[in-house]
Structures are given as C-alpha cells and as structure tokens.
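The structures considered in this document are given below.
What follows is chain A paired twice: with chain B in the first complex and chain C in the second.
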Partner chain A sequence: MRKATKVRIAVLLAAAVAIEIACRAGIIKPYSMIPPTQMLVSLVKLFTTSGAVADMKQTLSAVVIALTSALIVGFVVGAVLHAVPRLRRIVDPLLATYYSVPIFVFYPVFIVAFGLNAIPKTVIGFLYALVAVVINTLNGLDRVPVVLWKTAKAHQLGKVSTAIHIVFPCAAPYLFTGVKLAIAYAFIGVIGSEFILSSGGLGYRISFAYNNFQTDVMYGLMLFVLSVVITVNMALYVWERRLMKRRGER
Partner chain B sequence: MSDSLVVAKNVTRVFRSSGGMTDVHALGPVDLTLDNGEFFTVVGPSGCGKSTLLEIISGLSEATDGEVWFDGARVRQAVPPGVGIVFQEDASFPWLTVWENIAFGLKRKGVEAREISRLVDNALRLTGLRSFATAYPAQLSGGMRQRVCIARILVLEPRLILLDEPFGALDQQTRLIMGDELLKLWRETGATILLITHALDEATMLSDRVGVMSARPGRFLDVVTTGWKRDRDSRVVSDPEFGKITSHLWSLLRGESIKAISDQT
Partner chain C sequence: MSTAIAAFRPTLGRMADIVLLVGALLGLWQIVHEFAGAIAMTAPLDTFRYTLKLVATADFWPHVYRTGTAFALALLIAATFGLLIGAILGFHRLSGEVAEPILVALYSIPKVTLYPIILMFFGLGLVAEVAFGALHGIVPITLFTTNAVRNIRPVFIKTARSFGLGPWDLARTILFPAALPEIFTGLRVGFAVTLIGTLISEMFGSKRGLGFLLMNALGVNNVDLIMALTLLLVTFAAVTNSVFMAIEHRIYRRA
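Moving on to the complex of A and B:
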C-alpha cells in the first residue's frame, strides 16, 4: 500500500473516530447525528428490511438505466457533433450553459408526461448525466492527434475500424472522465428527484426517515448511498490510474 | 521506365481559400519517378510543399492537378497496400505495448497469430527493440518510439516507405545512428524509400538521389545523384565527396531559403 493511501485512510478513520467520540460524549446530539458504528449497525439492519431493500433496488435500477442510456446517447451525440463541425458550432453554446439550468424544475412536467412512476426520476438522472458524457466525448475526440488519424488511413482502416482500434482507445481517458461524472450526476438526478416528489426509492426513504425522526434509518441509508457511489468511483479511479500509468501520465 | 515503382506527373496542389482570401499554390507542377529499391530524398525550404508531395504520393491527400501511379496503378484518395508511412510526429499507440504496436497492422489484416509472432519478432530484432517488447511507448525515448513506428510498417513488408522528417525531433547523434539503422533496413528489405527532410547532411548521407525543391510553390530545381555504394553508413560524412555534395545542395537552396523566409515575414 502506498504512503498516500495509508495517510488518506488514516485521516478518514481519524474523522470517523472523532465523530464517534463526539456523539458518544453528547457533544453532538443524537437527533442531529448518530455515531458511525451505529450507522453501520443501522445499515446492516436495513438489509433485512424488505421495504428498504425494495427502495435500494428501485433507486439503483433507475440509476443504471439513466446511466446506461446517457452513456450510449452521449457517446453517439458526441461522435456526431465531432463529425459535423457546423452542427457543433450551433450546439456548443447550449452545452456550455446546460448545467446552469436546474433540471429538477421540470420534474412536474415529467410527472404529467410519464406519470407518477420511476420514469420521471430516471429521465432526470439521464438528463443530468447526458451532457457530461457528450462534453467529455467531444473533448476526447478533439485530442486524438492528427497523426493518428493519418496512421489509420495509412493502415487502410475503415471508419468503424478506425473508431474501435484508434480513436476510442486514444480518447479513453477523457471518455472515462465522462463516465465518472455521469455516475455522480445520475445518482444526483435520481435521488434528488426521489426527495422531491417520488413515492419510492432511497431519496424518498431518506426524506421520510428525516421527517419522522428515524435518525438511525436516515444515516444508515445515507451510508449506503455513499458506500455505493464511492466504491464505484474508486474502482473506476483504480482502472483509470492503470490506464494513465501505461501512457506515462499520472 | 519498367523499373519505376512510383511515377508522379504534373502534380500540383492549390489550397482553396474561402472568405475572400487568396488561394495558396503550395506545390508544383512536379514530376518524379522513383525506381525500385531506390533511396530518394526531398529537401527544400520550409513551406515549399515537401510534406504535401509525400501526402499526395501516399494517397493521404489528393492533387489538385496531375496524377500519381504506384506499381502501375493510379493512386486515388486512399493509401494503396504496399505503401508504409512514417510521420515526423510520434504515431505510436500509447495504449499498446511495443509488441502490440508492431503487430497492429498485421492483426487488422487478419494474419495468422503464429505468422504475426514471427514477423514481429523479426522486426523487433531488425530495429533493436527486442528487449523492449513489453514496454509501453511512454517508457521509451523519442528515437525508440520512432523505431517502433518504423517497425510497425516494416512488418507489413511495404514496397514503398515514405518518411516525413522522421528524425526531425531527434538530436544530431541519435539522427546519425537512426540513419545507419534506416540504411540497414533499406538494404535488408529492398524497399524503395522516399524521405522528406530539411537536414542537408542527412539527405547527402542516406540518399541515392536528392531532389532539391524551390520555395513555394515547390518545384524540383535539380536532382543530385550522390553516387554512394549501397552498403554505405554514417561514416560517409568523413568522405570529401560528402562535403562537396552537401555544399552543392546548399548552393542550390540558399537563395530559395532566403526567399521562403522573406515570404513568411
């Protein structure tokens, strides 16, 4: 284990121990926060509660659908915009200002359009994740050196073969950034939507626990969300580092 | 003419401008014939269209006027099989090992795995990269990465190798050594080589013939025959004839280089 990793873990553990002590000593009131060990116990308990497990499944499946769609559509849109510069010039200002639009305000519209089910929150997760993928796909494709496009021609590669064997591997680090951001945005979109109006899912369950003073349930669920997001991002981070190391980048 | 591998006739390139800008006549008309197994180098001032000529001969870009023939067939908007190109910029694939880089073209052609292995190992030996087979380009020097690119085209056994200032980014000593290696590969493969360079000493040392181009629009002012033996190497730099040829090239180019610089300023 590298020294930086050891230090990072030590800092996190120290913070957890400090909170534990502060909670146990009554410095932090139990209705504000419960000790981390109790959060862990609560999380384990939640796995045996059928309602909580159903909410976890509902949220995770919405995130997976939103994310997968955003990745597919985002890569295709990015590739098309890169191939058609005129279209890109038209769309560029919209992409640049996209995240200034609070997409959540459209939630009622989506409920009217799709009904009070999982679709509106999935659409919001998708819309949040989509542009991160488009922007990073464009960024990656822009950075494929001209000499590699020429090399593809020199090897008599067709368009598909050039994309598979040269363009995408070359742009991979930037596509990766898009994937990482898309994961975060898909979670934000879906869970945020569940907080507002949904009648199910982790966001709804956390909100319900908060309104009914079920602090242990609330923190258990929050710990679950954090664990999932951090685990997925860490796995991608490790993979990305391995890729970058091969290329002589840190 | 039956021994000619490449024939370029009346090749001209004009870059059309838009928005009221004037068109740029970059090259030509140029005639060029490359014989089988020949080492031909093109020198000329900056911006005279040397690389444009190489791209047109390779099929990477199209001539505005004129035509190019390779091995009896017209070259049109595509690089014909049997032509390998090495660029000035590093074109190694950073996500692949040296071995995988060299095997790239063979895999795309669907060559059998055992044959790929044999050809790649042979190319690694020829280019002195055997002990770096599992390394990634990021772990290699600039000269070694250029060797990877050369090896990547050598395994495809091209009949024509086009080199666009491949040693431009390397220091003088490395360039001399790379020049020796290139001559060795040229002898062993029997390929025809067209080299683009701005280095007159490199042109003199490596070539059978050197084509000297004018400032833009590039045309051949003269084609100088060096008269070196086929088994030459970098030691020709100490031959009195080397100085004479290089000096002659410079006498042809000096005025053109001054013209090119004054056109740019």
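Moving on to the complex of A and C:
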C-alpha cells in the first residue's frame, strides 16, 4: 500500500474517532449529531424497516432510468455532433455553459409539467448526466488518431465494424470518464430533487427525518447514500486504473 | 488594450452561430409550450413580458439582494479557503496525495444530503445558506489550485531563488502568474457550483431569496413567476460563465 493511502486511512479514522469522542463527551449535542458508531447501527436498522427499503428502491430505480437514458441519448448525440461539425459549432456554447446553469431551478417547471411524481426528478437526473456523456463522447471521438481512420479504410471496414473494432476501443477511456461523471450526476440530480420537494425516495426521507427530529434515522440514511455513491465511484476508479494499465498508460 | 477588445468581440460567424442557437432554443421552448399548454409552461414572449414586469416591482429586489448577499459571502469564503488550502496541498506533495481522493469523493457525492447537518449546527438562515454555498464552491477551487501549484515548473522557483527573491516576491512575481490560468478555471467552476449551492439551500428551507421565491411560486402554482425566475437565473448563469470563459481564453493564450 502506498504511503499516501495509509496516511489517508489514518486521517479519516482519526476524524471519525474525534467525532465519536466529541459526541460521547457531550461537546456535540445529540440533537445535532449522533456518534458515528450509532450512525452505523441506525444504518443497519434501516434495512429492516419496510419504508426505508421502499425509498431506496424508488431512488435507485429513478437513478438507473435517468442514467441509462442519459448514456444512450448522450452517446448518440455525441456521435451525431461529431459527424456534423456545422451543428457541433452551433451547439458548442451550450455544451460549454451547461454545467454553470443551476439545473435544479428547472425542477419546479417540471413539477408543474409532469406532476409531483417520479418523472420530474428522473428528468433532472437525466439532464444532469446527459451533457457529461455528450462532452466526453466528443472528446473520445476527437482523440481517435487520423491514422486509425485511414487504417480502417485501408482494410475496407464498414461503418459498423469501424465503430466496433477501431473507434470504440480507442475512445473507451474517455467514454468511461463520461459514464463515471454521469453516475455521480444522476445521483446528485435525483437525490437533490427528492430533497427539495418530492413524495418519496431517499432524499425525501432524509428531509422528512430532519423535519421530524429523527436524528438517528437521518444520519443512518445519509451514511447509506454517501457509502453507496462513494463505493460505486471507487469501484469505477479502480476499474479505470486497470484499463489504463492494460493500455500501458501510467 | 486592443487585444482585450478583440478577445471579447466574437467573429461574425460565431455571432451567427450563437444567434442560431438561441433561436433554436426559443423555438424548442415555443413548441413545448404548444404541446404542454400555458398551465404547464408559458410561451417565450409571455415569459419575457412577465419578467419585465417582475423586474419593475419593488418587492422583487429584496429577494435578489438576499440571494446576492448569500452568494457573494459564500463565494468569498470558498475562494479564500480554496486558494489557501489548494496552495498548501500543491506545495506539500504528501498532503496533496492524501487529500485529493477525499476531495474528489466530496465533489461527486450529492451534497444536498449533508444540508441537514449544516442546518443542525447553524440553524435556518443566512449563515446556513452561506455555509452550504461555500461547501459547494470550496472543493473545485481547492482541486484546481492544488493542480495549478503542483504544475509550476521547478525551474521557475530555482530561477527566483538564484535572484534572491523573498517569499512574498516569489509568490507575487512567479507563483501567482504561473498558476493563474488554472486557478481562474477553478474560480469559474467554483462560481457556478456556489450559485447552485446557494439556490438549493434557499429552495429547501428559507423565507427569502430567489430560491425561496421559486418554491413559493410552485406552492401557489404561479407558473408565470416560475418561468420568469428560471429564465432570469439561467440567463445570469450562462452570461457570467461566458464572460469568464472569454477572460480565461485570453489568460491561457497569454500564458
């Protein structure tokens, strides 16, 4: 294990222990924060309460739908924009400013349009994830060296086999970055929307627990959300490293 | 001076592209309006008309002032601490390596889930909104600054040393100019996410500000107001970001 990794684990553990002690000693009041060990207990308890499990399912299914549609639409839009440079030039300012726009401000518009159900939050998650996929698809396609396109032509590959054998493997790392960002953004979009206003889901449950002074439930749910997102991100990070290594990069 | 103007003056072709883009977006908006009806989404022209009326009312401006205050304070805190922590992490390699994955993880989690913790410690109000906005902004500013400082070529620092520069002159004449382009990118991204953080906190629990106004309009089903506020906020974010990007482009070209 690298030294930095060891130090990082030590720092995080020390922080958790410090919070634990501060909570137990009464420096942090129990109505503001419960000790980390109790958060863990509360997290385990969540899985036995049917309401919480239903919320987890609702959130995760919204994230999966938002993510899948963002990936499909994003790859297609990216490929089309790459093929039609004129169109790409027009859309370029939109792509560049997209993430500076607080997408959550559209949430009320969608609630008015679709009603207070799972659709508005899924649309927000989709919109949050979409452009990351488009941008990274374009990035990946731009990085395919001209010589490879020529090689494909020399071997008289058709459009489909060029895409499968040449373009996809070559652009894969960038597409992967797009997927990684899209996952994070889909979670942020869905849970953020649930938190602001919704009728179910993890974000809703957290704000409900907050409003009803159920501090232990709230921290259990937070711990759940954060561990799911961080685990998924870390798994992708490790996988990406492995892919990179296989290509002999770093 | 003349180059400064040139950087801001888009060429005729790019102007035409932007006009086309805005036109296409307005067209799309109009089409959605035709399908969804005015109860769900007001037409572009009606929205512009309502926005002009809204901007002229006196009741509107205290909300702008409130959001502006929260945003400005949050950005100030995020920038100050982001630059400071980023500089430390950039210079001290081990701390940088230790902290970077933690910061990246912090960037990718839905930070809204942490908002109740902030409310628990600061209570509902301006302080919590500022803290939440700053929490959003500080991460990208720190990350970009760390990278910027780390990538300063060692030969610059060696040169400074052989000229006998003190730490203050070193920072002022060598380090800051060398790291400026990336730091500026960090500040631009930080600006955008701080705005998001501030608005989200206002949307969730506040009695003033544009985020509150937006959720209040939803509560009383005032579609005109929702559309007008959304238009104003999106336009503000898009325009400021475009200006920052134009400046950034210039800094990178000079560097």
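Methods note: the second predicted complex is superposed on the first by the 243 of 250 C-alpha atoms of A that agree within 3 Å, B and C clash if a C-alpha of one lies under 4 Å from a C-alpha of the other, contacts with A are read in each partner's own complex, and residues count from 1 in each chain.
Please note the rule applied: a residue touches a chain if its C-beta (ideal position, glycine included) is under 8 Å from a C-beta of that chain, and two chains touch if they have at least 3 such contacts.
Remember, it's a predicted structure, so these values are computed and weren't measured experimentally.
Of the two partner chains placed around the shared chain by superposition, chain B is the only one that A:H155 touches, whereas chain C remains out of contact.
Counted by residues of chain A touched, the larger count belongs to C, out of chain B and chain C. By the touch criterion stated above, A:V147 is placed in contact with chain B alone, chain C being left untouched. Applying the stated contact rule after C-alpha superposition, one finds that A:A172 touches chain B and leaves chain C untouched.
Of the two partner chains placed by the overlay, only chain C lies in contact with A:S207; chain B stays clear of it. Overlap of the chain B and chain C contact sets on chain A: empty, with no shared residue.
Across the interface of their complex, chain B is touched by residues 145-148, 150-151, 153-157, 161, 165-166, 169-170, 172, 243, 246-249 of chain A. Partner chain C is touched in their complex by these residues of chain A: 2-4, 7-8, 11-12, 31-33, 89-94, 96-97, 99-102, 104-109, 111-113, 184, 187-188, 191-192, 195-197, 202-203, 206-207, 209-210, 215, 218, 221-222, 225-226, 229-230, 233-234. The touching residues of chain B, counted against chain A in their complex, run 58-60, 78-79, 81, 83-85, 87, 89-91, 93-96, 104-105, 108, 136-139, 153. Partner chain A is touched in their complex by these residues of chain C: 17-18, 20-21, 24-25, 36, 39-41, 94, 97-99, 101-102, 105, 108-117, 119-121, 188, 191-192, 195-196, 199-200, 203-204, 214-215, 217-218, 221, 223, 226-227, 229-230, 233-234, 237-238, 240-242, 245.
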